[in-house]
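First chain A sits with chain B, and in the next complex the same chain sits with chain C.
Up next, the complex of A and B:
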């Protein structure tokens, strides 16, 4: 065991501190943006960050009356940081919403994917689909024969449900030493070392992304 | 010919994708395509009924072929209709996210179209770019979005998706926007004046076209 290993262990056991949460948010934001499918909603993380955001907003409101030039400079830094965090959370949520809209029917029909949405996202997904359905029905589907009204049939060899392309390539950085099996070349596995950068099919590293062993870049 | 009208809708949808505004709803074509679907379905029923249930495709290839073509056409028309409505629905959603009033867009659309050589616009037919169903959809989607956004009031989900660089920015006022309240007091935004303000305070106004960001 050399010094790197000891440092690594320390890294992993650390408490979720402010800056660690920020790094986590950054990581999951990047993951979400790079992954073709929707990932697990980071409930606890977003919750912690939001509590801090609210605290900072209160702090800023308290301090705005303060005329001390030092306090003012301090405030500007706090506000800039706040804007940046807000941007991250906003972009994170918007990315998820755009994925939800894109693969709505696929997510609805796959229980495991549905579980990875937050409660509000689930409500959004359901009511959005209901609205869309209503629009199609009112616009033209109501005049169609009963058998043709479905939105998710796959007759004629073309599926109507859009699915994420899990075969697409992603760039990733390895955070922990892992072995990745390449599914169709039986038994083949590549050992990924911490710090390495790969381009690989998303499907092959799907689990590793979810565990946090690798992060997408 | 079968499917020709459906194709027209797809072309309209394609054109809509490239436009900033929503062109008028093609009520006539949509109606014609749905009529075509109904007629084809009628035909399918007549053909299958005339065989009284003991239809053998290999014994009567002509009828089998007719059925197949009818079916394919019906499905294709459905896909065309779905694609057309989907593109428009996405446009409407986009407008909702941008905080633009759908009605305002229609107004802007009409003004914009006057210059175009669009025959239907010249005749003054598009009284309304959205169909009544789409109007309803826009309203309900807006409500739903507001509900979802309500959970994230501190974040302002509809805010800018550009990473923020500076807390304060220079803006020029393009249209009179009246007085706004900021933490540093009230500012009167009159046309052609220039301000150094906090980005978060004026983001909405930039989006709505009252202010221009100077870099």
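Up next, the complex of A and C:
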């Protein structure tokens, strides 16, 4: 971080510096990869990164005709970096899509989870589910008796809707000192110190992940 | 690209590591670059500069710079750490990305390190010592409600993650069936609810 970043941080309305946004993207990509449930979509962040990506592509298009070897070398670096960013964004979105596919019905029936999807992800979820339903109905469900056609049945104690396992173990690194209650050992709490690494059930740190106090790895 | 619902692959861990800043010793001028992740300052030969590791490795390949290895990556320091590591049961303090940084630097610029073959040997010895400790130490801890694994690097964490995660989840399920204190309590509550329901009927 150089002096410009520090000055920019003082000015709160200004858009965050590019290195800060990049670190955030890395962090949310890692969180998304590790968390069992789908997290809040980082709308502003992805938007800012994509604006920079578009600007960078324009820059490359402008400069491609430039025969100066120095400009050429610059372009190689710029392109290499562009590919790295594109990989990150793509992996972030694909991780989300794989979770949407896996827990589609659960997300559809939980308004708070639906809120955490981006507009495009919501459209995807709905149209993909509609297609699937149609396919299932056409290929086999229509031969079933009426009462057995539901895809979200929970009769007999077994749910058909797959839900994320919030109790699964996650690995995390603490970024800010934080006190975490352990729900399964009533009344007990762990004081996590910055820099500590823990293995713990996801439900205990769910809030801390959202606040950015801990980062999943 | 790895399947998105899998754990981080070693390549991805290295990818993350390549975003770290490292000090270089430029051999050629390079104007300031406005990249998406960082705005670099102009490189002027005698002055040291900080750039992301991937850029440093790239410039090094073109012989446009030398990389200044981090302080801890010296034979003396690694030797000290190795003694410390074998002398005590705790893990000695290593940087969060020690394994990846060492691996990348040994691969990209052995000439910039002092005595690279010796360093590689020490890194390997450290790694083996620590792996043995992880295996021995986790067995005692794994049944508790959380595990603290301070001083392990990211790569080491990712190495143990597939099986530790599975074991912890597996134990939880077994506990849930036979009845740990918490699970029993939950079950009792559920039974009570059911009783109330029966009364209503």
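In this text, the second predicted complex is superposed on the first by the 202 of 217 C-alpha atoms of A that agree within 3 Å, B and C clash if a C-alpha of one lies under 4 Å from a C-alpha of the other, contacts with A are read in each partner's own complex, and residues count from 1 in each chain.
Operating definition for what follows: a contact is a pair of C-beta atoms (placed from the backbone, for glycine too) under 8 Å apart; a residue touches a chain by one contact, two chains touch by 3 or more.
Bear in mind that the values here come from a model prediction, so they are computed numbers and not experimental data.
When the two complexes are overlaid on their common chain A, residue A:136 makes contact with chain B while staying clear of chain C. Of the two partner chains placed by superposition, only chain C is touched by A:168; chain B is not.
Of the two partner chains placed by superposition, A:126 touches none, neither chain B nor chain C. When the shared chain is aligned, chain C comes close enough to touch A:74, but chain B does not. In the superposition on chain A, A:53 makes contact with both chain B and chain C. Once the two structures are overlaid, the count of chain A residues touched is higher for C than for its counterpart among chain B and chain C.
Judged by the touch definition given at the top, the superposed model places A:19 against chain C, while chain B stays out of reach. In the superposed pair of complexes, A:190 makes contact with chain C only, with no contact to chain B. In the superposed pair of complexes, A:87 makes contact with chain B and with chain C alike. Overlap of the chain B and chain C interfaces on chain A: residues 53, 80, 84, 87, 90-91, 94.
Residue ranges on chain A touching chain B, taken from their complex, read 50, 53-54, 57, 64, 76, 79-80, 83-84, 86-87, 89-91, 93-94, 101, 120, 123-124, 127-128, 131-132, 134-136, 138-140, 143-145, 148, 151, 155-156, 158. Those residues of chain B whose C-beta lies close enough to touch chain A in the complex are 30, 33-34, 37-38, 41, 72, 74-75, 78-79, 81-82, 85, 89, 93, 131, 133-134, 136-137, 140-141, 144, 147-148, 151-152, 154-157, 159-161, 163-164, 166-167, 183, 198-200.
Put simply, chain A touches chain C in their complex at residues 2, 4, 18-19, 22, 26, 30, 33, 49, 52-53, 56, 70, 73-74, 77-78, 80-82, 84-85, 87, 90-91, 94-95, 97-99, 102, 165, 167-171, 173, 182, 184-186, 190, 195-201, 204, 217. Residues 1, 3-5, 7-8, 15-16, 18-19, 30-31, 33, 35-39, 41, 54-55, 58, 96, 145-152, 154, 157-158, 161, 164-165, 168-169, 172, 181-182, 185 of chain C touch chain A in their complex.
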